[in-house]
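Okay, so chain A shows up in both of these, paired with chain B first and chain C after.
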Partner chain A sequence: MKRLHGFFAFVALVAMLPVLFPDNYFVTVVGVTIGFNIVLAVALNLFIGYAGQISLGHAAFFGMGAYASAILTTRYGWSPWLAMGVGLLAVYIIATLISRPILKLKGHYLAMATLGFGIIVNIIMVQTVDWTGGPDGMSGIPGLEIFGWAVDSDLRWYGVIAVVMLLTVLVSLNIIDSRAGRALRAVHGSEIAAQTMGVDTVRTKSQVFVFSACLASLVGSLFAHQQNFVSPVSFDFFVSIEIVTMVVLGGMASTFGAVFGAIVLTLLPQVLVVFDDYEILILGAILVSIMIFLPQGLFVGMTQGGANLLRRLRNRETPARAGADG
Partner chain B sequence: MPSSDAPLLEVVDLTSHYGPIQAIHSVSLEVFPGELVAIVGANGAGKTTLLRTISGVQAASGGTIHFDGEEITRLAAHKIVNRGICQVPEGRQVFAPLSVEDNLRLGGYSQRGDGDWVAEQIGKVYELFPILHEKRAQLSGNLSGGQQQMLAIGRALLGKPRLLLLDEPSMGLAPLLVAEIFRVVRELHEAGTTVLLVEQNARAALQIADRGYVLETGKVAISAPAGELLEDEAVRKAYLGH
Partner chain C sequence: MADVALLEVRGLEKSFGGVAAIADLSFAVTEGQIYAVIGPNGAGKTTLFNMLSGVYVPTDGAIEFDDGSLVGLAPHQIATRGISRTFQNLQVFFNMTVLENVMVGCHLRSSIGLYRAALRLPGVVHEERQVRDWALEALAFCGLGHLADRSADALPYGELKRVEIARALAAKPRLLLMDEPAAGLNDTETVELRELIRRIGESGITVLLVEHNMGLVMEISDTVLVLDYGSRLAEGTATEIQNDPKVIAAYLGGEVQYAVQ
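Moving on to the complex of A and B:
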């Protein structure tokens, strides 16, 4: 399948990096964060980029998964896998319950509702000190063991997150070309026209919202075990915005756009620390410039630009040769 | 008990509102199996609203709609499609960022699990509109208006229509294309499809229709066999230009 060539190239890249640079901080430490962010961005892209909806509260689901794992393993001594499953189930139920009323809303109203939801969840994390440790967060979260194989080094975490991330990317690529994916894109085009095709638009939007929330919950759990520590700032409003920015930056409605956006937005602040106080300023300037000069997003804009350039070069070549022959 | 003398679609005293504005008032109409029925009327007469209410994308505020003997008045739009009422919406509404073929596949969304039929039907649509086959990999947003209309019709045919609702298929098209679209509508009708056709282009619609309804400010003003409407003095003056 031609469509999967890009994916296999990406798999090769992800697999090669730690082999080439086994002790590189950017690969094994930042790389893990990038992996988390890719999953979050790719999942949210299904909802924002493909279904044409908006969620400004997605960090809440990421946080719910993380806190479910943190609380159940440290306070109740549950196994991390069970805790992860229960967190996932809780997020599934909550996302399903809120999706029906929330997804009746559109545009700004949907943005406000999801924003409000995210903020409420974050306030709960801060306020229920007995459970969550409040603003100070919770430490001492155990690591993860996979069939007796302890995920106890940066490199091993890299491997685990890489697998989860690649699976997410693969699923996303496949959804888009399926019946469900076409329904999603139809909803984006026109909900009314989608309905006249027999698409249950409310259900379609709800399903992708819940799916995206569940993926966020899963990586939230992994995040808690990888960091051994969680606190509310990791799941606040700004994180929600950051995930949305990754999707938009890379280019909406493109799985690799979301991947690219997550990579750039995770790496940039790391690189820009050398600018100290000016870091945020420069980051802001870069983001604004990208949106001005490549409004379709970085990845989508560059690949389209590249394709156009190639076509133009080829077109210039053909008449010249034809002239020489004739 | 469906039989040939029972209507396939039966609309009784239907009303529909946009907020406080009532767009259609107590409209009653029938479409019998195999018929081509035209609804003509001026700008803003409520033709689109009527079709949208039948297909369920717009809520009815009163009255009933029966399809093949079953009440569908309050059914959700996607369930109505599953019963076999397929709408070609006003302004075509093709999915611009999707390819022509993906648009057709979406048309077959309701035929879940019948991939063979969908593939075969897509082939038939390409026979009906060869230009769509030529452009099957292109984004439908890049098609001309006429081609988009063909796609919209083709897409509706993928829903296995027992009743095809067409909303102003001639809108904004050059005369040659209008003739082409109407030729296809007639062909579909001759092949046995039941059609409810809404048009401002009253002459063209009534020429291919069996019966017609004239809609005026949300009410049925006249209903008669199409040939009679074409001869009717008042109709000629108001809708046929002389």
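Moving on to the complex of A and C:
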């Protein structure tokens, strides 16, 4: 299956890393964070990159999943899996309810509405202290157990998140290369043409918004169990922006672009800590330069640049050979 | 002719802020016809198409298609009735390949939704292959088979106009609305277009054609409707229209006469 060549290569890489570097902090600790971020970015990329919409409040759904798991397991003693399912259902319902009115909006207005939604949800997390623990967050969230197998080490978490992340990437690739994915891209390309071809554009946008929210909720639940702790800052406005940045940085409308963006944006701050006070300054400078020099995004820009270079090299070779023959 | 009206428009009106773009317009299109709508710039031709395809809601009047009313339906609902269209200003999906553009045209002939596609459940691969074949067929019909895998944004204008036709045909419509398909085409391309429209008509699809190229209109249309300021100026066969004093006056005798030669 040629369609999935890139995916299988990625699976191999993800599987190899912990074997080669089992005790490496960047693999088993940062790697798990990267995994969470890849899921969030790939899911949001369906909505932003492919369908051409914008959401500045996606961290809210990530947070809802996390808090559903945190509250239901610690305060009510529910099993993590049940809590995860209930959180997912709640997010499904909330995302569906808000999607209709919100997705009637376009451009800046859509950005404002999703931003407002994200901020409101975050304020609720901070204010409902009795439930959420307020700004201090909640600790003591139990770990996860899969059929009696306790996910109790960094390496095991790496494995679990890797599987979830790879499935998300696969699902995204499947969608894009299907009738539903073409409908998404058609909405981006020309909403009016999409409609006259029979695409219910309102429903299409709403469906992918909800789908993307559900994936964020799932990964939010996993995040809560992996960290054993949640607090509102993990789901605030800046996190929403960070997810959008990952999508844009890697290259919109490219699943592996989102993957790449998530990896780079998670790793960079880790690497840049050596610069101490200047970290955020240098990070900003790097991001700005990337967008100036590779406006289509890192991944898309580099793969296209690579392809162009190959073509140019080949073109240079052909006349030379012809000359030798003649 | 059997004279069964496939499309019937009665007392249609559309105003923008009190200014009527279409006023009290009535006409009927018989199944299997190539029916042309002509008229000077701003006569309301595109506005008419936008109402027929659900992009605009009429201010007043009735649109009957195959005995059902189209008034108040959304564009995607009208598409399910069997009406497809092309656009005066290109509305190609530039973020896709030519083939994918045309595959979107098959949207209503296929059914796999987001969740089934996500899991690539059984049936997905089969339907994909089917849709691909339909799209390739439509591309071949329009003489674009060799461009299937090209990115749409790498194609010249003339071919993009044909991609839109192929996309509309891929929906297997009963009625095809074409808004100035010859605009911007060179002479060779216009001749090819004429043959293409002929073949579309022969395949049993009713064609509603808005066009400024009088030569093309007069050669292929069964009936011509002349619009002026949103109302009917004249209706008849190509010959009747060319000899209609009102039409000649409206066009200052120029274009229509010229086309006779």
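Just so we're on the same page, the second predicted complex is superposed on the first by the 326 of 326 C-alpha atoms of A that agree within 3 Å, B and C clash if a C-alpha of one lies under 4 Å from a C-alpha of the other, contacts with A are read in each partner's own complex, and residues count from 1 in each chain.
Quick note on the criterion: a contact is a pair of C-beta atoms (placed from the backbone, for glycine too) under 8 Å apart; a residue touches a chain by one contact, two chains touch by 3 or more.
All figures in this text were calculated on a predicted structure; none of them were measured in a lab.
Asker: Should the pairing of chain B and chain C on chain A count as a clash or a fit in the superposition?
Answerer: On the shared chain A, the partners clash.
Asker: Where does A:Leu72 make contact in the superposed view: on chain B (first), on chain C (second), on both, or on neither?
Answerer: After superposition on chain A, A:Leu72 lies in contact with neither partner.
Asker: Does chain B (first) or chain C (second) touch A:Ala183, or do both, or does neither?
Answerer: The answer is both, since A:Ala183 touches chain B and chain C.
Asker: Looking at chain A, does chain C or chain B touch more of its residues?
Answerer: When the residues of chain A touched by each partner are counted, C comes out ahead.
Asker: If you stack the two complexes on chain A, which partner ends up touching A:Gln207: first (chain B), second (chain C), both, or neither?
Answerer: Touch partner of A:Gln207: chain C, not chain B.
Asker: Now for A:Asn174: first (chain B), second (chain C), both, or neither, which partner does it touch?
Answerer: second
Asker: Pick one for A:Ile192: touches chain B only (first), chain C only (second), both, or neither.
Answerer: A:Ile192 sits against chain B and chain C alike.
Asker: Could you look at A:Ile290 and tell me whether it touches chain B, chain C, both or neither (first, second, both, neither)?
Answerer: Neither partner.
Asker: Contacts for A:Ala253 in the overlay, against chain B (first) and chain C (second): which applies, first, second, both or neither?
Answerer: Touch status of A:Ala253: both partners.
Asker: Same chain A residues contacting chain B and chain C, which ones?
Answerer: In chain A, positions 179, 182-183, 185-186, 188-190, 192-201, 253 sit in both the chain B and chain C interfaces.
Asker: Using the touch rule from the top, collect the residues of chain A that touch chain C in their complex.
Answerer: Residues 171, 174-175, 177-183, 185-186, 188-190, 192-201, 207-208, 211, 253.
Asker: Note which residues of chain B are touching chain A in the complex, please.
Answerer: Interface residues on the chain B side: 55-57, 76-78, 81-82, 86-87, 89, 93-98, 102, 105-107, 109-110, 112, 155-156, 159.
Asker: Inside the complex, what are the residues of chain C that reach chain A?
Answerer: Going through chain C, the ones touching chain A are 53-55, 74-76, 78-80, 84-85, 87, 91-96, 100, 103-105, 107-108, 110-115, 117-120, 124, 127-128, 131, 164, 167-168, 171.
Asker: Where on chain A does chain B make contact in their complex?
Answerer: The contact residues of chain A facing chain B are 179, 182-183, 185-186, 188-190, 192-201, 253.
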